[in-house]
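Given below, in the form of structure tokens, are the structures.
Both complexes shown next keep subunit A, but they swap its partner, so subunit B is in the first and subunit C is in the second.
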Partner chain A sequence: MGAGRLYTAVAAGGFRRYATYRAATAAGVFTNTAFGIILVYTYLALWDEKPHLGGYDQAQAVTYVWLGQCLYATLAIQGGGVEKDLMERIRTGAIAIDLYRPADLQLWWLATDLGRSLFQMLGRGVIPFLVGAVFFPMALPADAGTWAAFLVALFLAMLVSFGIRYLVALSVFWLLDGMGVNQVLMVTGIFFSGMTLPLNVFPGAFGEVVRVLPWAAQLQMPADVLMGETGVAGAFAFQAAWAVALLAAGRLLQSAATRRVVVQGG
Partner chain B sequence: MGERVRDALRAYLLIAGMWIRSTMIYRTSFAVTMAGNLLVTGLDFATILLMFSRVDSLGGWSLPEVAFLYGLSATSFGVADLVLGSMDVLGTRIRDGSFDTLLVRPASVLAQIGADHFALRRLGRITQGAVVLGWALAFAGIDWTPAKVLLVPLMLAAGAAIFCALFVAGAAFQFLAQDAAEVQNAFTYGGTTLLQYPPTVFGKDFVRGVTFLLPLGFVNWVPAAYVLGRPYPLRLPVWTVWAPPLVAAVCCALAGLAWRAGLRAYRSTGS
Partner chain C sequence: MFIEVDGVEKVFEVRKKTGFLKRERRQVRAVDSLSFTVARGEMVGYIGPNGAGKSTTIKMLTGILTPSGGRLRVAGIDPSRERMRLAHRIGVVFGQRTTLWWDLPLIDSYRLMHRMYRIPDARYAENLDRLVELLSLESLLDVPVRQLSLGQRMRGDIVAALLHDPDVLYLDEPTIGLDVISKAKVRDFLRELNTERGTTVLLTTHDLQDIEQLCSRVMVIDHGRLMYDGPLAGLHEAGESERTLVVDLERELPPIDAGPAARVVKVEGPRQWLAFPASESAAPLVARIAAEYPLADLSVREPDIEAVIAKMLRSLGDTPKPPPDRATA
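Our next item is the complex of A and B:
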């Protein structure tokens, strides 16, 4: 079996696994819609007080909220993607089986996560976004080119998101319990991705720093590409640079982990 | 009745104690999760601070006033979250069949499932909410009267009870749809988030919904508006300021009924 076909099959497996839980998906759609409504009201109050905050108008702020709800599960912004399974396999020792497989560990989990992301976007993300578009004024582009660029930015965001979570998961080789790092993943994910507030609203030097961290590649970049607030080439370069850096770091950590660490279990 | 409650409470404390001991096996992880919990929950307030770094008021309310709402909402939710926050594991237990084990034990099922995976790290949210509340009490410029002083602890207790009722109702719902545990997040986490912002931020129909339909407004909005001397967006009689304990009692009774109905309708997966 060719490598391409292997990883496509793995990705399809990831997609199907999440697609199995229909009630969970429906529950997620409901929750994301509820949160979207709450956030939209607070953003509208904020932008009412200060129009053009962070360079967005009200419609753009609303669009940002619903895109955030759409990408929340897609990019596993606060964790809860395949890294959870990976951590559990490292903790129990089942990872030894994965290492015996004639497949690359990182690519295997990346493929699974991409399958998961794709399902979460189609099954869980699109509906809240459409609800938002129906009931609130949004700033959406009319030309196909922008949408295509947005899809590329989204794919790059998926790579960055996986890159971050893979590093966090591998830390369990040393820590054995993933609860603590999961919390850190959650804090950093929610805050630095701009789930609570767009990063371009963050003030001063703090804002400057936050906007160049890898999390900025997750929600802020796709949002700005979609709404034409940033140059497409620059956004792609930023996202791709972080994706490469994170995936390379993942590789290094993976080889250190598999060489030095004794697998638990028995 | 009294004896049953005492037994249930005892079972709850025993199980919670067991979980605390088991958490303490991984001490570093506990320290990090506790700090993480403080941070995660603190982020909500950090967001509010960030908003106020760009504006002077939100929906007409100043920062200390919003902090007052935030402190009340976060602290009362934190208490409920500590006590019953792990109830979303019920769906998993039903799916894998381990729920049956709880049914054959000679202890209250609600106490067993409530204390399941008891997480001491959730003290983080309470600590953080209480700190913000303390700050707000000092700086919100409240014109104190004995009634207002009495109202603050009353709000916290009633608020925690209302959120507890939501957790129990959410668990009861999982008897119907095991995989849909996330629905309750919209009400619990969504609820505490929305109550951190002034009612004036939201649309009037929305405020009506969370006052009369799902009475979250009684956790803090209605009494807090009175304490701060601000008009509530809806016309409510003055006595409603003292309604939170009543609302909490009704919510808890309804949640209890829902729980019983769910438990009675339970059919084991047989696996």
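Our next item is the complex of A and C:
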């Protein structure tokens, strides 16, 4: 279909665009590797004190760390994905150009972000993960089926991640500036995705809540699918439900924005 | 009529902080009961001072802004209601912005247009070849857009806007910031596009030469209102615009006496500036001066478009214009 080819081309463009930032990619690989090592030793100390914290053994905790470093840029957990460009385009009025084209705004940015995600995973995420797998004991599955399920969970996580960031970016149509919302996006993303600690270590009602928020679909779910800690069908359903809800909300907000709100600049 | 604009208005609501927690709401009337039509194949210049409402009009014509009132049709389509359908019929170039993928080679953006507008493969190949040749972009196709100069990028944007054979092309300041050669290239190209393909062109600019060389018809807008619609010559008459003849004599002399056809406006050593009506030819004046004075060199300066418009607006403008924005608190 024509539309399929268009959005494939858009995604390919997103992929290649991020591939042009070689220095940033190299710096990212280094940072994620270094950060992974620091976190691994922190986690190991913590798990020494409290074995089976959150239901993970030490190898699983280590796996969780390296998966987090692998998906950090892939899922733009602290922001810095295409929503940054989108905010800038709304703020400066360059969005006008995206609007008069015969392409759907949300699908366009989703495709770009998927291309970006794929590059960030292959170019930036895989290396720290491999470093972790070589130098630390990890709890990786041996069967192809689990890996396949992990990839599906990862794809759903990408949709959820985009869904959140797209909503945030569209708010700039009303706020006219993305500074504040970017900060919120960063803090919530890092904490509620489980970048600091796995969400299943949090006890009580707070734990119950953070585990059903959309951010839980980003890192926690793919990690648990990979390590066989959760039912695959349940995980997919949880992620898909959030993906659908967020993307639908994005569509609503998008039509409100393009109908009511004004394109900035002359 | 291909473009129909009938009593169109656009009012922006702006909120302004006036004090602690105090905000004032004001309305900016960017376009005010604007009416005009453009026939298929016309090439129209759309001019006016900064903030007159030109870009706002173009945004409404592309469908990305909804008018606050009035009726608007392009190719029979209501732009803001059927933005997507209209998109296949129009091409847009905003001189200050780019539709091209910033970090990727030029050709990638064109391949994307190919998919986006579902241009048949043969058509795409043919259009790309022709446009790229006409705008001399062959050697730049593999260069990332961020490495292009302003003029190259602008030409790149024009190609992108035309690959799908639009019926109408909106150009918002397509020559802004370009050097003389790039400007000439863009103008030659637009003229050819209009005559050979019959593409309707609506062009905003602050460069009078764009209009002079391209448009048989100009529309002048000020404070969102159409103040003039007709041939360029008529605008010069209405604005009593003057060209300037700069004369370098061989030595300092008293002000040149050129008869009633021109008057000296400035003298600086051997150089003198003479103003004469823009609608007149410079030839008789030059002949007379050359015959009577020791002439070393001369040149003609075109009137500045803003000056022409300002004069015209003043000559029409008896009644003081309402301010562009009215506070409604």
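The criterion applied here is as follows: the second predicted complex is superposed on the first by the 265 of 266 C-alpha atoms of A that agree within 3 Å, B and C clash if a C-alpha of one lies under 4 Å from a C-alpha of the other, contacts with A are read in each partner's own complex, and residues count from 1 in each chain.
The rule we apply is simple: a residue touches a chain if its C-beta (ideal position, glycine included) is under 8 Å from a C-beta of that chain, and two chains touch if they have at least 3 such contacts.
This one's a predicted model, so the numbers in the text were calculated from it and none came from an experiment.
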Using the overlay on subunit A, decide if subunit B and subunit C clash or can fit next to each other.
fit
Look at A:A34 in the shared chain and tell me whether it touches subunit B only, subunit C only, both, or neither; answer first, second, both or neither.
first
Is A:A256 touching the first partner subunit B, the second partner subunit C, both, or neither of them?
neither
Quick one: classify A:G2 as touching subunit B (first), subunit C (second), both or neither.
second
When the two structures are overlaid on chain A, which partner does A:G13 contact: first (subunit B), second (subunit C), both, or neither?
second
Looking at A:P102, would you say it contacts subunit B, subunit C, both, or neither? Reply first, second, both or neither.
second
With the two structures laid over each other on chain A, which partner does A:T196 touch: subunit B (first), subunit C (second), both, or neither?
first
Apex subunit A: angle to the C-alpha centres of subunit B and subunit C, given in degrees as a multiple of 10
90
Which touches a greater number of subunit A residues, subunit B or subunit C?
B
Just checking: does A:A237 make contact with subunit B only, subunit C only, both, or neither of them? Give me first, second, both or neither.
neither
Going by the contact rule set out at the top, does A:A94 touch subunit B (first), subunit C (second), both, or neither?
second
Between subunit B and subunit C, what minimal C-alpha to C-alpha distance in angstrom results from the superposition?
8
I'd like to check the shared interface: which positions of subunit A are touched by both subunit B and subunit C across the two complexes?
21
How about subunit A: which of its residues touch subunit C in the complex?
2, 5-6, 9-10, 13, 16-17, 20-21, 93-94, 96-97, 99-103, 258-259, 262-263, 265-266
Which part of subunit B faces subunit A closely enough to touch in the complex?
26, 28-33, 35-37, 39-40, 43-44, 46-47, 50-51, 53-59, 177-183, 185-187, 190, 193-194, 197, 200-203, 206
Any idea which subunit A residues touch subunit B in the complex?
21-24, 26-28, 30-31, 34-35, 37-38, 41-42, 44-46, 49-50, 53, 175-177, 179-184, 186-187, 190-191, 196-197, 201-203
Contacting residues of subunit C [partner subunit A, same complex]:
12, 51, 55, 59, 62-66, 83-84, 87-88, 90, 92, 94, 96-99, 101, 103-104, 108, 111-112, 115-118, 144
